[in-house]
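Below, chain A partners chain B and then partners chain C, in two separate complexes.
Let's turn to the complex of A and B:
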């Protein structure tokens, strides 16, 4: 395979060795969350970036996966780890039902519908207290006290998700997805059932997002509707991860995930306690500025416009060396 | 081969086609002419099932086409070259062509069809690795026609193939349509370029405000006073 090249191996090696080299649980935690966002961002990107169906409701699948794992404990009285098996499939079924309704709409109308459905899910999880415990949320005892098992599980999930999405985009399905993104009517007149392939893309996307949700429940040990069904913490964050990294590229969301999580953490901790506390309030503002910057100067994201960035860099150096000669 | 029977169709509350009936026989070259907004593209979109008719029937050979989902239309042997090309701009020319041959019938012959199509369009052979969005207007139209041919259609629908092309390229496109016709493909074309299309077609229908008002052999219509006045400005 041509795709397994040295940078990829290097990245995998660095990530695999990271917890051994960095003993701090704090940094391990940040990397675990970043790896989880690699999964969600990549899953969102398959639907939005490759198939052209921009979802503002990925919290639906994340929350469904997380609650599937949580309800395993509170209702079925089995381990939340069963959620790792069930979370994906349950989210997939939810995705299928939502697609059945929302894929009647196109473009911005589809996006608006996903916002609405996302809020419906959040409200149901809040109000249906007999089933979900409502705002009190679900608290479980984590299996491991060490971060290391969670770290490698998250790394495995991220690698699995990227590999599957890579293979899908190189397959016949991937071409159908892109054809639908480029022109749905033309794709249909080529004999591609837009509804069927959009549903397929959504199913893969919701499966991985649900898996990430189930992982979150197991790792954090606590969920409530305001966090896992959140429009801005989950749905919007998934979009930002995709846009910053590069929509419609394999490596865009992984890069976007690390940038967004590190940035969020830097601000949340007021630059690791170096700056006054009010700075932490500014993180949403900075996200906004970052999005404006990326859309204005790198509309295809960091990975999508990588050649542009490289050109800029080499041009700078040429200029520097030219001025040095003078 | 294709029979459109008393079709009424439109968008939402706005009815565009009123009681439209016409037919295309096998191996015929038929043209629908009419002014802007006469309903030409709506007819094409109704045949390829992108719009469901309010009433009336559409038959192709022995199959009823209205209420068949649009992605099935190519399987029956109809290929629609849509208005404004509608290529997949971020894919290469070759990928665009390959997507044209998804119907099971066409898939088995993909290699031969591709060779035949590239022979017909040598320009596309040179540019097969190029992204379709970077082609010139004329090349894009050729690519759209070539993509349509990839499904090995019995019948091709051309929706304003001359749109946005220079007179020279327009002639080139019409020549290609005639070539395709001579290879045994039935053609239904919608055009505003009345004079040229009436010269090359077998039969034509004149559409006005969503109704068919005239029918005849292409050359006869060219001599028709009404057509002369309305379209040719003589």
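Let's turn to the complex of A and C:
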């Protein structure tokens, strides 16, 4: 980063000033959730986008982080904030173990294995009632009534996650990751241990996802297995965030996270109550259409295909100005 | 690439400014219900009842001359969404109190937000015992807790059915899990041996492996805690497998909805269920509410609807008595509630570990001839119970 990166600074400044400018706790809440998804999406993207290992099981790490924080309260009787320290490392260890099993498989088989392991985690958390409270869930009372501490914590986590991933992708590791993504056999023949670097990528990814999970417990105050180990709402959402924003780009998942969270909330609340209620029932349909649109016209996501979008724009303008001259 | 991000963030910031709330005339109360998702059937019956009650309240002059307004939010049956909905209602719509709350997990999540923001919340249905065991002074519950649902069943089992063994099947949700736990304790107390107590994944379509296990265990009583689709499927598949215990009992929820009977058909016949309400109970307005609902919407209502209707009555009564619409005054007025509703008398008391809990008797209902009938306690019954049951004849 030789020159000063103005756009990045601007984004950070806008986000840092947001709670001061917008006094509504409701919008702050939406932004907190979006920032949390920035962390999960970016973490997923390191593994899937940069290393080429598509995971359908990021709920495992999210849930592990969340339950680590929750169990701090119910079993150890200490504050759930300890989960912010423990959640990441515990998820990392889980990630290491899962990688050890699942990285024997490649491509779609790896993806299938992560679905299976994700469901196993959810079922264990559901059935093991004495340990996890099962579906009765874990409820804590949040430390702060104000959204502001949570907002800045989420912003910090998002910034930390993006910075770490940025640095990793520009380091030797990052190039190894991409080499494995492009051609694992060729990478191995160059002396890169695919297993080792895939595991490293998964560890970083699971660490941040676990951290987001621990944050979720502290912020939301309620978890149950269907919420935090959900295939649909966590694992698939992580993938959508990545795909819509742009897989294998630094800024893709952050943009994808904001789009997905805002879209979800806009539809759930029927465009903030401006449109009739039945609109809210169409939100899943809209997700589907959006995914189809992005895959069909912008296979690299909004950020990945930004130059394409720009070209379209400038072409339009050229055409307009050309017709204007005539 | 980065410019894209900048443009993007700037534009969402702008739109969030653009959307701002309008003027405030009426008294606003937020109602959170599952309007879409798995639990939508219950949300629908409750929403209709809330709306019906609201029309009547406003037709009768509203709240001391001001119009009462219910703002409905959909929790989609997920606790995190319920939480967002509660926050929206409190901070954006500036409601004076909250009502609704269907699923236990969602109700729990809403309660946390309400307590933290010091907004009174009147729970209509969410029945996990823990909700009123947190010493939360802003949370009030109209309906009995899940552990008390089978009270009437207990005396029926003791006096009439006298089963020796039982199997408990429950949907793996907060309500299912906590209900099964408390029914297991009830069985232990009255000396019924529980042969199996198993949870299942909700939304499944094939319950036969589970039911075959039940058949092998051969219990006298099968107790099921399920929401609507599962309830119908469990009964239909029990019929197909000719699983014939002395009696099938549902733990409320799905087993009392008209949809249960529609979906299960003759497999619903003679199934018992715990219930919290019945239209022939000697409560003022109960029968009228039932008939009016039937006329207005062309379908029957049951205890969930009555809970919602009674909630609206309590909310209107509270707001009429509150000295001001401030949170503290509304809370005080709600705590001092002492009225009769279609759902029974409502008065919030503290007992055992619970605070601000309304205490009501519970009932046992049975599907007889395609209709839901109140069968226990005997003196209130709308029809005599059918027991023992000859399944071969019923299922023919």
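Convention: the second predicted complex is superposed on the first by the 323 of 326 C-alpha atoms of A that agree within 3 Å, B and C clash if a C-alpha of one lies under 4 Å from a C-alpha of the other, contacts with A are read in each partner's own complex, and residues count from 1 in each chain.
Simple rule for what comes next: contacts are C-beta pairs under 8 Å (C-beta built on N, C-alpha and C of every residue); 3 or more make two chains touch, one makes a residue touch a chain.
All values reported here derive from a predicted model rather than from experimental measurement.
> Are chain B and chain C a fit on chain A, or do they clash, once the structures share the same frame?
Chain B/chain C on chain A - fit side by side.
> Could you say whether A:178 touches chain B, chain C, both of them, or neither, answering first, second, both or neither?
first
> According to the stated criteria, A:78 is in contact with first (chain B), second (chain C), both, or neither; which is it?
neither
> Which partner does A:189 contact after superposing on A: first (chain B), second (chain C), both, neither?
first
> Who does A:292 touch here: chain B (first), chain C (second), both, or neither?
Neither chain B nor chain C is touched by A:292.
> Looking at A:221, would you say it contacts chain B, chain C, both, or neither? Reply first, second, both or neither.
It touches chain C, and chain B stays clear.
> Between chain C and chain B, which one touches more residues of chain A when both complexes sit on the common chain A?
C
> Could you work out the angle between chain B and chain C as seen from chain A, using CA centres and rounding to the nearest 10 degrees?
The angle comes out at 140 degrees.
> Give one of first, second, both or neither to describe whether A:233 is in contact with chain B, with chain C, with both, or with none.
Second partner only.
> Contact-wise, after the overlay, does A:303 reach chain B, chain C, both or neither (first, second, both, neither)?
second
> Once the shared chain is lined up, is A:25 touching chain B (first), chain C (second), both, or neither of them?
second
> What does the superposition give for the shortest Cα distance from chain B to chain C, in Å?
18
> Which chain A residues come up in both lists, the one for chain B and the one for chain C?
none
> What part of chain A is in contact with chain C in the complex they form?
5, 7-8, 10-11, 14-15, 18, 21-22, 24-27, 29-30, 33, 126-127, 129, 134-137, 139, 141-142, 145, 220-222, 224, 226-227, 233, 249, 251, 254-255, 258, 262, 265, 268-269, 272, 274, 277, 280-281, 302-303, 306-307, 309
> Could you list, by residue number, the parts of chain C that touch chain A in their complex?
1-6, 8-10, 12-13, 16-17, 19, 35-36, 72-74, 76, 78-81, 83-85, 87-88, 90-92, 104-105, 108-109, 112, 115-117, 128, 130, 172-174, 176-178, 199
> Under the touch definition given earlier, write down the residues of chain A that touch chain B in their complex.
Residues 175, 178-179, 182-183, 185-194 of chain A touch chain B in their complex.
> Can you tell me which positions in chain B touch chain A when the two form their complex?
Counting only chain B, the residues touching chain A are 48, 50, 69-75, 79-80, 82, 86-91, 95, 98-100, 102-103, 147, 151.
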